[in-house]
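In the two assemblies presented below, chain A is common to both, partnered first by chain B and then by chain C.
== the complex of A and B ==
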């Protein structure tokens, strides 16, 4: 009886397990730069006690939370501090998203509108007067430049150039490319296909892919995120039924679909979750098992600094990627100190967040400048924009580095048997 | 994934073992479930503060020889040598300390008590003898509205020992701004604000304005330098009177700095970190631990030749209890519960020696764990998870953490 009572006495998101030790505050990137944010302990478990009594205790300042989850990584007692804060925003916030927030949040809608006109849209978005209007009227900070839209979407390229050859492989995976690879940087998707094909895997796309919804959640559009999430889950179930694991190249899409769907949106993903993986993790595991081999170009040399994106850190998957990268023989590999870059998806694009965003990233930018790498490696596309804008150092997804360093012919031969 | 050694637990003991093994050329992985108790630290490392009769220890090596057989130090072969190594390990991680094993010095706690200790971080205030305070008159200078330095207690503690104390406070606009969120006016946020806004010179000006030659010591809250002690050193140089730092209530900036620098050292040595993850079960082959599974890595088994359990005591969830049993939750190794039933785990008087404090995992003379009564030859335990001592009553936490870790490294590497 007593044991039963004790086992039952577990609170949602472990909020009652908080010891009030304040370690989360030490690692909160927002608390470090602004006193206007109540901090993870206060915004999370402390505030939750009050909110449970009366929703009037909800504080709109919680929107300053980046949802980086570094508080959760630091918490010695496994309190899901970030989840508590985000769930409170979804449940209690009465602020309606602005037009700007809708635009930033609907990455796939914006992408599909802009892509066909990329040659016109891209230079326009770089014009000072346009930036001025975006800044003044829309509230999108003038320091930011939108990532270029690709004229040819990844999906279009794939269907035309790659899809016909995919059935010849014996083993198969499904690729969740995400908005970034599709609309902004199809090369990432091409790199993915190149590597997977070289190790003997055919690549397929989901029957229907929607944006994972991370930006929708952050911008107060949880309902829409949930609808999109259900579509993704349904398509993924079909792929998994065919025995195709679902692979991604973006850490944040992966984290959202594996963890936030269940924790924040109430989407039942338990049957799909384990089949969603990041490509670097998938490859690393196959290499460990001896199922595939990679051969690298002997002349490939680069000084690579690895940046642990917040959601990689939260998933606990950093070592998969770093061990994979370290297999490249002649690279010079440096681990950067794990800290937030400050962009947090659409957060840093907003005028009201710009300064805070740059102040948060300052430690990382300094670290990168000291290390002076040829490129920074990270799985997060928005970290890429932030780091490139703030340091001038090019940023590559680890799979693009693998693709660049790979001896394709030799790798194909090694994996033919 | 395969490593030479996997360390479970990222506190002082786990970090010490990881660094020492990486220095010895081993491929090491560290699995850590959240941050550690260094964050509540004092800026000092205790070796043995009080003997088993409760008497303050002045010569720790001699006192350690007198400890009962169940104490973890009895499994450390050469305490003096390993203590020296521990100090060097800290130094290589850029944590400069003073003190040695020949005689304890005394640190001052945030509530004004004096405690015997072994090593202290440069800049922290300490005294050689508790009954002979080296100062006539002290200025205790706080930052206005900073609540984690209980100045009244501190002043009372010093006055009791015959020191004249003036309590003063200063502020700067950037520090005052922190008050907008009172719960966030914490030591580490103060440290970050001072660093971001480059306020060292302004802080020094304020301190110099509040003090004069009349004081022979200025005490300041230890709220400077999360990543290095450069700023903390710089401030002391800019203050015209001799000045030192006094520990604050948690979070402890000097503790966070120690944790940060140790992690950095481990990373620079090529160690692999599994952060924010937790070992949930072992993969066994007879009496050998082949690998561990964690909460975040789904099916991936982390394999190694040797494993070190450094998950701490109840507070760090290295030990857990339900209504009937005390157990070790990660690998299910045997626990020494002192043969006590539930009603005798704790004493009613909170300041009495608490029996549960002495509980821990069972180990043999070489610090091997046991499982179902059988010794596990490739699994060791180090630090606070070890049974047989009361950390609070002995003041031996840091010493047990570091020395048992170094002993196990020696047992593995030899």
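== the complex of A and C ==
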């Protein structure tokens, strides 16, 4: 029966599965603040039908999409709405990336250029005239400050200070640190190593690590992202072959490598995907299985507000991190309402997006201010910049909080047996 | 009974493409014309076909005269109706189960008919049209295209009006007024309020498609029609961007046409009794045939969501005993009933195809002019239809503006764009804005949501009215009041379901369930609707 083949009804990114219920548009942070954006349903599955007819139906307004994927979380029928929009941008956009977009996108290159000169570059980037030039000439909004570059890269520190001791452990993991831990905030990587070592895992780096490419995809440089992705996949395959899972501390890198590689860049990652995990999820799963234990300092006190980064929501991994944090005995834990902070990586840095970006995050900022936390916890580095700039409240990665609260000696003992 | 004496040169019966084209031609030649239609424009075969701008290749082997007419009209319509035509081009493919020798005959016959048929490497065909069955062993490229019959009909009506024609929709001919041996006019019934009145004309032209046989009967004239039902399926999006045909003798489900944002497979062909022509239903067997054969043209049809099934009736004129109707000529039949039946003032134009409507109109208008002593020659082949004066630009606009310009061509200038109220979308699937609805309601003979759908594609997209219907009813209700809008809404949703029902499975069924939940469960439209208006029986 020909009608039976109809049960196998599948389409690219499930765009035909859309039942037009419009729930995605209700949850779209961009649609909530501007009528100029067509909304995920229109920009996604609806527009796709007409783009299949004529590419002239592509609309540059799709650039307003944050790629937060909250539409996909909301969709009751598993339509990959965000993917449809990003794929359309990759396929149909005729606007070439500007110099600014190249700079923002190439986090790897910019980091390796700036790091050695961090003491000069960091204060320079904060100077008003410099910001003025970046704003006026480059289109990088003057309200933004680039995160500080570290004088010593995480990789350099690791090779010098940590690598030699890693082989003494019985169990091992590989760490994909990402650009932020490497060039801007090596302490995050150090915290990771501290916790993993304490629970009895040796830490190793990938043979070759490239930027995951999320900023390249967002800035119209999909080809370069694909090349870098292939390098990462090849390195990860080697690590996995040794039995090392690949752990991360950044939610966005994780999401990009697990899902966007396959959906948007056409990189075959099916054999690697399940071995890539965020460190908090990895630890939480081991704790649940009774394979590791954590001991915390009794004197650690903090009021912590957890912010669910968009890509954490999309992966459905928020509970791993929050359960882990809630194990710390004397903290005061507050769950913030899940909403986008508005920065979306390099999006909020662009002059044309600044106001929209801040309008999107306004609800979250208010929520944080009302809660009065000592710090906000989130796995996304760009959420961190946005929240710190917009609320003044410090933001920490959950693994850094765990590292800070951890009783290292006690934890070591618990996991030695 | 409200009687009024109105005189015309010509009354044209039937608001399909033939009637609309005839009204246009007559009006352009300076005749005083009345066009009457019992329901809405293009509710018969005009609105229930493939939307294929035939190259004529399909008939080249079996019906060379029709083939020649098709290719000539094809080239004319590309020029005069460019906003209704999408120049997709087409393929005739040979599958392993087909006889490849047929290809040579086919190409030779096409060439004889004046159709540019070019044998191409199957590998090239697969590059040109990636959706085509990869197992093809032969391919011929021919100048098929896609045409929107609703737009084409409307453009002809608008031009007729611009040339002074009067138009009455929802007015049904209930009687031909005959004095001695001459038809002198028609008695009309207003199908909205039941009132009847007479109009008088020197010539009455019967362009009522398959229903023309019933019109002729009113004058005691017998036309031996052959009602051939054809069923088709609409898919949720385009899988192909070129028309795909089977290179063999015409058979079931061997044409796949990309139309707007969808594609359509068809058709079947079965003789049906004339009484059934008003109540066409697509059977499960027909759906099965369409799918099975369709998948041979483009395998991905098997896994593509089907939106609707529909059926129309070809107004073929029987000339032999073929029970399928496949071998009956698609040729044009112009009947001068004065000569044929001794009944003056009456002519019938039938047979033919949507493709050749303009030529049909020309022939019957020539006849009318000859009887009326009018010498002005036909201009319809060279004068662009309203909307087609120049190519749409499709640049720099929003999705809705592009969609609207695609639908109305230069007439899009009448649609208000650029302010929040008019730019708001009522139909997101097809990009129909409030402004476009307002334009259609005031200028395009729109009496209800179903009429509006034919003018704008509202409700023709993936959701089949789920979200757009209530918004559109709201806009129309601004003028007509809430109760009328609710009644209209109920009728519209029933009409949408009729087409979904034969293919109600998978996502289509889920869509229908959600729709039912919204309209029955949440809004209670079925309880609030007060009357079932006559016009819904047109569906």
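Following the convention adopted for this analysis, the second predicted complex is superposed on the first by the 414 of 417 C-alpha atoms of A that agree within 3 Å, B and C clash if a C-alpha of one lies under 4 Å from a C-alpha of the other, contacts with A are read in each partner's own complex, and residues count from 1 in each chain.
Throughout what follows, a contact is a pair of C-beta atoms (placed from the backbone, for glycine too) under 8 Å apart; a residue touches a chain by one contact, two chains touch by 3 or more.
In this text, all values refer to a predicted model and were calculated from it rather than measured experimentally.
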Open item on the list: Quick one: is A:49 in contact with chain B, with chain C, with both, or with neither? Answer first, second, both or neither.
Closed with: second
TODO: Kindly classify A:296 by the partners it touches after superposition: chain B alone (first), chain C alone (second), both, or neither?
DONE: neither
- [ ] Name the contact category of A:157: first (chain B only), second (chain C only), both, or neither.
- [x] neither
TODO: Mind telling me which of the two, chain B or chain C, contacts the most residues of chain A?
DONE: B
Open item on the list: Taking the superposition on A as described, I'd like to know which of chain B and chain C A:11 touches: first, second, both or neither.
Closed with: second
Open item on the list: Quick check on the superposed pair: does A:318 touch chain B, chain C, both, or neither? Answer first, second, both or neither.
Closed with: first
Task: Which of chain B and chain C A:31 touches, first, second, both or neither - done: first
TODO: In the overlay, answer first, second, both or neither for which of chain B and chain C A:282 touches.
DONE: neither
Open item on the list: A:59 in the overlay: touching chain B, chain C, both, or neither? Say first, second, both or neither.
Closed with: second
Open item on the list: Tell me the contact category for A:73 with respect to chain B and chain C: first, second, both or neither.
Closed with: first
Open item on the list: Give me the intersection of chain A's contacts with chain B and its contacts with chain C, in residue numbers.
Closed with: 2-3, 6, 21-22, 35, 38, 41-42, 46, 77
Task: Residues of chain B defined as touching chain A within the complex - done: 1-2, 29, 33-36, 39-40, 177-181, 183-186, 188-189, 192, 196, 250-251, 256, 264, 267, 272-278, 294-300, 316-317, 322-324
Task: List of chain C residues in touch with chain A within their complex - done: 236-238, 241, 258, 260-262, 287-288, 291-292, 294-295, 302-306, 394-395, 398-399, 402-403, 420, 425, 428-429, 431, 461-463, 466-467, 505-507, 510-511, 514
- [ ] Please give the residue numbers of chain A that touch chain C in the complex, ascending.
- [x] 1-3, 5-11, 15-22, 35, 38, 41-42, 45-50, 52-54, 56-57, 59, 61, 77
Task: chain B contact footprint on chain A (complex, rising order) - done: 2-3, 6, 21-23, 25-27, 31-33, 35-39, 41-42, 46, 72-78, 274, 284-285, 288, 313-319, 322-323, 335, 337-338, 359, 362
